[in-house]
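The two complexes that follow have subunit A in common; it is paired with subunit B in the first and with subunit C in the second.
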Partner chain A sequence: MTNTGFVAIFRRDLLLAIRHRGDLSNPIIFFFIIIVLVPLGLTPESSRLSEIAPGMLWIIALLASLLSLNSMFQDDYNDGTLEQIMILPQPLYFMVLAKIVVHWMVTGLPLSLLAPVFGMMLSLPEPGYLPLMLSLLMGTATLSLLGAIGSALTLPLDKEGLLLPLIVMPFYMPILIFGSGTVQFAIDGLSILSPLAVMGSLLALFLFVAPYIAAGALRLSVEG
Partner chain B sequence: MWQWFHKLGSPRWFYQTSGKWLPWLSFLALVFISLGLVWGLGFAPQDAKQGNSFRIIYIHVPSSFLALVGYYIMAIAGAISIIWKIKLADMVMVSAAPIGASFTFIALLTGAIWGKPTWGTYWIWDARITSMLILLFLYFGVIVLQKAYSRQGLASRAAAYLALVGTVNIPIIYKSVDWWYTLHQPATIKFTEAPSMHPDMFQPLLLMIVGFYLFYAAVLIFKIRVEILHRERRTSWVQDYFFSKKNK
Partner chain C sequence: MFDTENSSASPLDSSILILKDLAFQRNEELLFSSINMAIESGEILQIQGPNGSGKTTLLRMISMTLSPTSGEILWQGKNVNNVREQYLGSLLYLGHQSGLKKSLSADENLLWWRKLNKDNLLPSSDALECVGLTRVKDVPCYHLSAGQLRRASLARLYITRAKLWILDEPFSAIDKQFANELKTLLENHLDNGGIVILTTHQDLEIKDMKYISLASPHKSR
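For the complex of A and B:
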């Protein structure tokens, strides 16, 4: 079975994530902090907040995903687990995919499920709740996939600093555009099918391509 | 055919051959650019709406062309270096990145200067301007990633990967920015650029475009030569080359 590698890595990473509950809540805490800052910095008026809410929520989700990218491969790289994974007689593609899926499950998924709460706090108009959730579900998965490439490419660098955001940001922009577009469309009473379809196609494309490129980049990083 | 392929991939052969081309290329670039500049800035007719300010087109358009072409040259060279592990392709990629970034920057800067008299503002979130800015970020990513690695082979392969991912993404980014722009369209400002240009204005532009391509080729070859000397500084042919010159 080609999937034993996938299942093994999936279970291991998920278990590790559950045992580190502190890390698990990081993106949500980050989200709450920014959500508090936005009304304080801009305006508490709900009419003006609701105008900027779709874009703002999506920007925060993007930054939260960016912040958590370091954790995707770094620990495994530092303690040598990654090398052990790579010499397994299993296709690296599926094991990288497993790591990405777990990363999404501990960062993107909780954010998407809590999206209506965040939306309510920024007085997002009600028709935007479900589209926000749907677009975040798909979009954060694509962000994790794209982020895996950037994360794998910068892995051996000691002081990467702002390098990872710089590399990944241009690739994130289409997701941000279509993600906030979906929510805006729903609020304006338009059909959200077209932006959602584009997001779905981006997800399908990168679900297929990104683990492959990330695996290549990991080989490069580990073997030199 | 394979022999030719191997020859082309050899930095030493490239260094020696390009030494003969470089003066000609630079000379031709100088001729085309100075002819185009004098013609375009001095003799081309004024634009009916924009007056003299349109003349910045003679810098703006050719550098925008090369900003895009430069990215593809860089990415293709990166692909060749990953697939066939040709040293020279690697050097082309590393040398092309800063040149392309410079042209992108020039395109953005001249666009901003041009925007002030025509649109009344230096910066506007127009679809094309935004795409160019993202392109600049893509270039920066490749350059910075390549500089961040201390080991040469690793650095250029990582950068080549990034350049390739960028190539896949460029159409997606461009399309999405177009879509975004039509969604938020501020109807007040439009591109005043006429779709069809008068031949008197177009001919110097054509000269400038050819001149910029030649200039790009000359600068790229020059940078590749420097890169070759730097990377091969310990090989015998580089040492021979310089010592034999000094002895003469």
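For the complex of A and C:
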């Protein structure tokens, strides 16, 4: 069965995430800090804050996702469990997909669910709440998928520094544009269907290809 | 041994695992070359050589985590790249690193590994009991000593059905008593028609051992 690997890795990674509860809250704390700083640094005036809120929220979400990428394969690589996974007589695709799904569940998903709260703190107009959540749900999943490729490529480099952000950033841009666009459209009273449809198609595309590319990159990295 | 009934095939072809002219080159440096070996069921192969001579590299090559620069590996007469699933399904590789998650207990680690390999397991037997870790089976692995970690990772040998065992320094860090148990385990595996390929700096007194000796990287230049 192809999904025994998926299930086993999914459950183990989730268990690991629960063991490392501290790391779980990192993206949320990061998000929170910036949200607190923005009104202090720019303006506490809610009319001006609500103008920049859609873009600001999306930029922070993107950076939060970027910050958590390193850990996706690094631990497994260091302790040899990645090797054990790679020599299983099963397609690596599903096992990589399991890791990506867990990564999203512990970074993108909680951020998306908390998004209205963060939106409120930045005086995001109310019609933007739901579109913000929807766009973040889809967008952060795509970010995790894309991040997996970069993470797999830079695996053997001990201190990859800014290489990983450099690799994935160009691919993150369309998601940022359509993500914040969705929220802006909703606030302006336009239909959000078209930007959401683009984000959905990006998600569908990368759901299909990203684990495949990441698996190939992992093989290269482990050989390195 | 010659198979008289199958005279068309050379004795090499009837071997179950064949390393054919393997070579590995990294950054212009030839680590080893012309590694040839044929291994039958019930045989044990020890890879010898000084540190840095490529023992682990060769083991990783045989376990398909590394592709050879040239040469090929044949499993039951077929290139392993063509029978990948079947080959991987019959091998067990224990590498340099423990393959254990430090924040999970030995029990949880083994359970995870069992799930991944569930088509390839013996029906039962408490592996952690066999390696003497019952007392600490629920302790997170970062509290275990180096020897206990090695035992926890070797516990897989007690439950696997894999025919080909590839072990990188299985005797490091473990005490004498367990080293003897491990040796018995290897001998039983060989008696049951298994194959063992290992590196170790210990003198194993197992009969009919085959050897590959890798030269020190500096001499081979």
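We take it that the second predicted complex is superposed on the first by the 224 of 224 C-alpha atoms of A that agree within 3 Å, B and C clash if a C-alpha of one lies under 4 Å from a C-alpha of the other, contacts with A are read in each partner's own complex, and residues count from 1 in each chain.
Keep in mind that, in the parts below, a contact is a pair of C-beta atoms (placed from the backbone, for glycine too) under 8 Å apart; a residue touches a chain by one contact, two chains touch by 3 or more.
Remember, it's a predicted structure, so these values are computed and weren't measured experimentally.
With the two structures aligned on subunit A, subunit B fits next to subunit C without clashing. In the superposed pair of complexes, A:Gly41 makes contact with neither subunit B nor subunit C. Applying the stated contact rule after C-alpha superposition, one finds that A:Val209 touches subunit B and leaves subunit C untouched.
Once the two complexes are laid over each other on the shared chain, residue contacts for A:Pro89 go to subunit C alone; subunit B is not touched. When the shared chain is aligned, subunit B comes close enough to touch A:Thr154, but subunit C does not. The superposition-derived angle at subunit A (between subunit B and subunit C) is 90°, Cα centres, a multiple of 10. In the superposed model, A:Ile167 makes contact with subunit B only, not with subunit C.
Between subunit B and subunit C in the chain A overlay, the least Cα distance found is 6 Å.
Touched by subunit B in one complex and by subunit C in the other is not one residue of subunit A. Residues 149, 153-154, 156-157, 160, 163, 166-167, 169-171, 173-174, 177-178, 181, 184, 198, 202, 209, 213, 216-217, 220-221, 224 of subunit A are the ones that touch subunit B when the two sit in their complex. Every residue of subunit B that touches subunit A in the complex is listed here, in rising order: 134, 137-138, 140-141, 144-145, 148-149, 151, 153-154, 157-158, 161-162, 164-166, 168-169, 172-173, 175-177, 179-180, 183. For subunit C in complex with subunit A, the residues that touch the partner chain are 63-67, 84-89, 91, 93, 95-104, 108, 112-113, 115-119.
Within the complex formed with subunit C, the subunit A residues making contact are 4-5, 7-9, 11-12, 15-16, 19-20, 75, 78-81, 83-89, 222-223.
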